[in-house]
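After this come two complexes, each holding subunit A, first together with subunit B and then together with subunit C.
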Partner chain A sequence: MTPRTLPGRTLRNTWSSVFETGWGAHAYPYLMVLPAVVVVIGVVVYPLASGIITAFYDVTLRTLNSGSAEFVGLRNFERVLADPAFVQASVNTVIWVVLNVVVQLALGLALALLLHRAMPGIGFFRSGILVPWVVPSVVAVLTWRWMYDPSVGIANELLVRLGLIDNYHPWLGDTSTALYAVTVESIWKGTPFVMLLLLAALQLVPRSILEAASMDGASGWRKLWYVILPQIRVSFAIAAVLTFILTVNNFNAIWLMTEGGPLNSSEILFTLAYKYGFKRFDLGMASAVATMLFVGLVIATTVYLKLIQAREGD
Partner chain B sequence: MEAAAIHEREQEKLAARPKSRALRLPRQVRTGLLYLSLWIAFIWAVFPFYWMIATSIRGKEEIFQRPPSLLPHTVTIQNYVDLLVGAQFWRYAMNSLILTLGVTIISVLISVTAGYAMARHRFKGSVMLPLFMLYGQMFPPVLLLIPFYVQLRFLGWLDSLYGLTPVYLSYMLPLCVWLMRGFFSQVPLSLEDAARMDGCTRWQAFWKVILPMARPGIVAVATWVMIHTWNEFLYASTFILSEKKRTLPLGLSGLIGQYTTDWGVLMAGGVITAAPILLVFFFLQRHLVSGVGGGAVKG
Partner chain C sequence: MSKNGTWKTSAAGIALAVGMGMSPAMADNVVLWVNSPLASAPDAPIYEELQAFEAETGHAVEVQPVAHMEMERNLFVALSGGAGPDVMALDIAWVAGLADAGLLADLTEKSEPLAAQFQKGPFASGRFEQKQYALPLYTNNVALFVNDKMLAEAGIEKAPTNWDEFRQAAIAMTDEEKGTYGLTFGGGRMGAFQLYSYIWQNGGDIIDTEGNVRVGEAGAVGAVDFLGKLYTEDKAMPEAVLTAGSWDEVNAPFIQERAGMLVSGDWAISALKNGNPDLDWSVHPLPAGKEAATVIGGYDLAINANSSVPDASWQLVEWLTGPRGVELMRKYNRLSAAAGATAPEAIASLPEEMRPFMEQADAGRARPVVAQWSQIHNEIIANAWDSVLRGTPAQEAMAEADKQIKALVGQQ
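After this line comes the complex of A and B, so read on.
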C-alpha cells in the first residue's frame, strides 16, 4: 500500500520522530512499559522477596536497630507452629473463609438472579443493594460495631423485637459469637461485588438458549441448574476465587471490631501475623505466617489465572 | 441405548411436569414474592447505612437511650458541628486528599503508557507482563507490610505521606496496568493506522488519537484508584504514627475510645468520609461497573 502523504519530507520533525526507525522503533514499546516495570519491581517484587527472606532470619526491633539479623533457618516456622494461638487462628481462618465464600456466593447468585429481569423499579433496588460495596470499609465496619453494641445496639433490639433472642447479647465480646458476628458484617460487605460479577455474566447468557429451554418445558429450577449455571460457571469460579482472596486479606473487619479477641476467638492468620509483627515486633515470626498465607494465595491465584485464560479461549 | 436414554428423560419430564404445574403459583403471587424478596435484600443492604445517618443526627442522650428507637425523635446537627469545629478532622481530610490525588496521578501516568504498549505492541514479555501484573495484585498485603516497614524505617520515611505513596502504588499499580490494557485493546486498531497514514508519528498517534478515545477507561481506572486510596486503612494505620499525619479512615478509627466512644460524632465522620465516594459512584456507576466487572475479568 502506498502512503497517501510522503513520509519524512513533508512532516514537521518532532522529537518523537526518533521512535519511527531503527533503534528508536525497537526500544519504543520497552520505553513505554519501563516506568511501570521499574516501579512494580521496586514496590512489589523486591519487598516480596525480602519479606520471604525475613521469614528465615531473626528480625526484631533490636536487631533492626543494630542492623545485624541472624539467619535461623526454619526456627521462626517452628516457633509459629508451636504457638497455640496459631492453631486457633488456622482453624478460625478456615471457618472464616468457608463461611464467607459459601454464603457470599449463594446470596450473590440469588441476588443476581433476582435482579436480572426487567421489572419496574429494578434500578432502584440494584443501586440500593450495591450500597454496602460502595461504603468505605472502615466506615462500614465501625457502623456494624456500633450496631452490635451490647447495651444500646440496634442489632440486639431488632433481634429481641423479632423474638429471636430474649436478652441483649454482647456479640463481639463473647468468645463463641465474635467470629460469626464479624462474618455477618463481611458477608454484608462482600456479597454485592459477587452479585455484580454474576449479574454481568447472566447478561451474557444468550436469550435464545433460555427460550429454547422454556419451549422444551424446563421449569425454573431445572433451567437454573441445567442451562444457566453451566453458562456462567467460569464467572462463578472467578467470583469464588476473588472472594477467597479478598476474605483471606480482609483485615479491617476483624481488626476494627475485635482485634482478633476476645481470647483469640476471632483471630485469623492475617491478624495474627500483624500482631506478631507490630505488637510483639517479632518480624521474623510475622513473615513466617505471612509466607504461609502467601503460598496458599499463590495456589488460589494460579487457579484464577487458569480460569481467566480458559475464558479468553472460549 | 440412546433411544432408551431419551425415553427415560422424556418420562422424567412427563412425571415432573404435573408437579411443577402444581407448584406454579398465580402470577400476582409470584410478582408479590419477587418484590418482597427484593425489599428484604434492599433493607438488609441499606439498613446499616441508614443507621449510620440516623445516629449522626441524634442528640447525645438519645444515642445512649435504651431501648434504641428506629426513628430519631429529635434532629440535630450538633454531632457534625462537634466534628468539624476541631481542626483535626480538616487535617485528616486534607491528608487523605493530598495522598489520593498524588497516588492517582502517578499511577495513571505510569499505567497509561504501559497498558497501551501491552495492548498494542509485540515485544519480549508482552504476553507474560500483563499476567505478572495481575499476580502482583494478589499478593497478601501482610507479606509486603513487614519489608515496607523495614525499608521506610531505613529511609526515615515512616510517618509521612510521601512514604505512603510508594506503598499505595504497590497495591494499585499492577491492577491499573491490567485494566488499562483491557481498555486500550478495545480501541479499534484502524484508528491508529489512519492517524499514522496521515503522518503522525507513533507517539503522536498515541497521544493525540488513542488517548482521547480511551478516556472513559482512563477515568474509570482513575476513579477506582481514588476510591481505594481514600478508603485504605491497613498501611496507613501501620506506617502513620503521629496524629497530624492521619488519613480519614485512620482518624475515624481513632475516635473509638478505650472506655467510651462518642458514636454520634463517629457516625457523622463516617457519613462525611463516605459521601464523596458515594457521590462519585452514583455519577459514574455505569463506567465503574463495566470497568471493574468487565475490565478485571475479561481483560
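After this line comes the complex of A and C, so read on.
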C-alpha cells in the first residue's frame, strides 16, 4: 500500500485507510449498507420466508411445543380451500377492496380539487378534513360502532329523520349490510390520506398549462381528464397502490366492528388468517391463507404498476 | 490479572459458594399473570396478599395484569414460545386447550390432598384427561338480574322461577311504543355462553362426560328454540342482541332501563352500580326448566410447564387458592371456590346481591373440558345461535352445529 502523502511530509496510516484502495475500497459500500440489509432480512425476509414455509407444515400449538411439526405438502391449502368461510372471505375481500379503492380515490380526488383553491379559511378546511385520518383507528371504530347501534345509534336517527329508512336497522348485525357498514367507516377513515397525496400533486401542476387549456376553450371536465389527471398520474398510481395494500391489510376496522361476523358476512382473508392463527391456533392454515394473500397482493400490485408503466411508454 | 488478584477472586468465589450452600432455601422470583380486574390499581387487595406471601416465603412475585379478552391468546403465544409467566390465572374454559398443548404443569400429585377443600365443579374445571392442571381461584355462575320497577309496572309481583314465568315476564315488560324489552341477551359467543344453562335445564347437553356430542338432540334444540323465539317471535329482546359481542353491550339495555331482565354473572354487579346508581334491581337464581342448572365460570391458577421455579410457583398457587384466598376473593366481591363457601352461614355473610349465585352453586355445571372447546364455543355454537336469531329453525342450526362438532372431535 502506498503511504498517503502531503507535499513535504508523509501521513501515518490509519485503520480506515484499508478502505481506500484494493479490496477494501471494493467492499466499502457493501459494508455501509450491511446493517440495513441485516435489519431488512431480520424483519422482512425471514418472517416472510418462515411464513411461507410454515404453510407447508402441520403447525399447531401441540406440534409447536413438542417440536414435531410434520411436512404436509399442500394439505393446509386443501383444508383452507375446503372451508366455506374461505370462499366467503375471498368474495368479501374483493368487494371490500374494490369499494374502498374506487370510492376513496374518487372522493379523495374530488376533495383535493375542492381544496386546491385559493379562498379564505382554506387552511382550516384542509386541516379539518384530515381529522378522520388522524383519529386513532380504535377510537374511530368504536365511535362508529356506537353510531351504528340498532337502538340508540345516531346513524339510524339521522336516516329516519331524512326519510331514507322507516325503522332503526341493525347495520352491523344484518348479514346483508355488515360488510358495507364497515366499508363506510373505512372509506371515511382512509379518504383524507388519498386527498393529501393528490392535493400535493395538484399543487405541482404548472398554472401555465391550466391557463393554456382554458385559453384553448377546454371545459372543467376536459381540463380534468386531459390536463390534470395526466399531470398527477404518478401520484394517483401511488395512491391507488397504497390504498389497495392498506385496505387489504385493514384488520382493525373489521375486527373491532364485527370480528368478521355475523355468520362470516364481513370476513376478509386477513381476519380469517387471524382466526386460524390466534383463535384456532392452527398456524399452518393461517400461513396458507397469508401466503395466498401475499401472492395475490404481489400479482395485483405488479400488474397495476406494469399497466401504468405501459401507459407511460405510450 | 496478577497472581495476587487471582487469589482474591478465587477466595471470594469460594466464600460465595460456601455461603450459598449453607444458606436456607433460595428465594425465587415468580412471574404471575392475572386478569386485569384483580390488579386494577396499586392498592388492589392482591398486592397486599402477595406481600404477605413474600414475607412468609422469601420469594418475590412480579404481577403482570392482562385483559381477559387478550389473556387466552397471550398465554398460548407466550407459553408455546417457551416464555410467559410461571403462574397464571386462566378462565376455566381454557384449561383443556393449554393442557392439551402440553403448556401446563401436571399438578395431580400435589393437588390430590387438597381436593376436599374445593367445591367439586370448580375443582373439576382444572382437570383434563384424568390429570389436574389447575386449582380454582374463584368461581361464578349466571343468575337472573331483574329490574324491579319494570317488573312491577308490568303487573308481575315476583321474579320468575320457571321458564313459563320467565317468558311471560319477558313479554309483559316488552312495550314497542316505549321501546322497552323483557330481556337483554348476547349475540354470537356471548349468547352461546348464556345458552348453556338453558340447554342443561332442558335435560340436554353439549358434550357429555363420555365425550358424546349432543347438541343436535331434543334437549339442546328445545332450549335454543325457546330463547330464539323470545327474539324472533315475541320480540322481547332488543335488536342489539344481533351485535352484542361484549358484556358492556349486553348490559347496556338493562342499565338504560330498556330491558327488564339480564342473564349474567357477578361481574355485572359493579357495571350496573356504576352505570346507573338509581337503577332498582335485584338478583335471583336462574329460572329452572326441567331441572335447575347454571353454567360455571371463574378463574383457575395454573403453572407453566416450563417454569424455572416450579416449587415456588406451587407455593404461590397453594397460597392464593388456600384459606387466605377465601378472604382475598371476598375483598373483590368474588365467590370463593372453597367447599365451605356454600355453607348457609357463609352464604348469609355475603352481600345480598351475591347470595343467589352461591345459593344455586350446587346446580353449577362446567362446560365440556375438551381441547377444541374454544373453537366449539367461539365459532360453532356462536354461529348456530346467530343463525337462529336470523330466522334459521333451531333444529336445523343445531343439527349443523352437531355435525361440525363431531367432525372436529373426530366422531365422524
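Simple rule for what comes next: the second predicted complex is superposed on the first by the 264 of 314 C-alpha atoms of A that agree within 3 Å, B and C clash if a C-alpha of one lies under 4 Å from a C-alpha of the other, contacts with A are read in each partner's own complex, and residues count from 1 in each chain.
The criterion applied here is as follows: a contact is a pair of C-beta atoms (placed from the backbone, for glycine too) under 8 Å apart; a residue touches a chain by one contact, two chains touch by 3 or more.
Note that the coordinates shown come from a computational prediction; the quantities given were computed from them, not determined experimentally.
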So, A:F278: does it touch subunit B (first), subunit C (second), both, or neither?
both
Looking at A:Y180, would you say it contacts subunit B, subunit C, both, or neither? Reply first, second, both or neither.
neither
Please indicate which partner A:P262 is in contact with in the superposed arrangement: first for subunit B, second for subunit C, both, or neither.
second
Which partner does A:P150 contact after superposing on A: first (subunit B), second (subunit C), both, neither?
second
With the two complexes superposed on chain A, say which partner A:L48 touches: subunit B (first), subunit C (second), both, or neither.
first
Regarding the shared-chain residue A:L172, is it in contact with subunit B (first), subunit C (second), both, or neither?
second
May I ask you to name which of subunit B and subunit C touches more residues of subunit A?
B
Interface residues of subunit A shared by subunit B and subunit C, listed 64, 149, 151-152, 278
Name, in rising order, each residue of subunit C that touches subunit A in their complex.
73, 76-77, 79-80, 97, 100-103, 179, 187-188, 238-240, 242-243, 245, 253, 256, 258, 374-375, 378-379, 383, 386-387, 390
Under the touch definition given earlier, write down the residues of subunit B that touch subunit A in their complex.
13, 16-17, 20, 23-24, 34, 37-38, 41-42, 44-46, 48-49, 51-52, 55, 63-68, 70, 109-111, 113-114, 116-118, 120-123, 126, 129, 131-136, 138-151, 153, 166-167, 169-170, 173-174, 177, 197-199, 201-204, 230-231, 233-234, 238, 249, 252-253, 256, 263, 266-267, 270, 273-274, 277-278, 281-282, 285, 289-290, 292-294, 297-299
Subunit A to subunit C touching residues, read off their complex
60-62, 64-66, 148-152, 168, 170, 172-175, 258-259, 261-264, 275, 278-281
Looking at the complex, which residues from subunit A come into contact with subunit B?
3-5, 7, 10-11, 14, 16-17, 19-20, 25, 28-30, 32-33, 35-37, 39-40, 42-44, 46-48, 50-52, 54, 59, 64, 111, 114-115, 119, 125, 127-132, 134-140, 142-147, 149, 151-154, 157, 160, 188, 192, 196-197, 200, 217, 219, 222, 235, 238, 245, 248-249, 251-252, 255-256, 270, 273-274, 277-278, 283, 286-287, 289-291, 293-294, 297-298, 300-301, 304-305, 308, 311-312
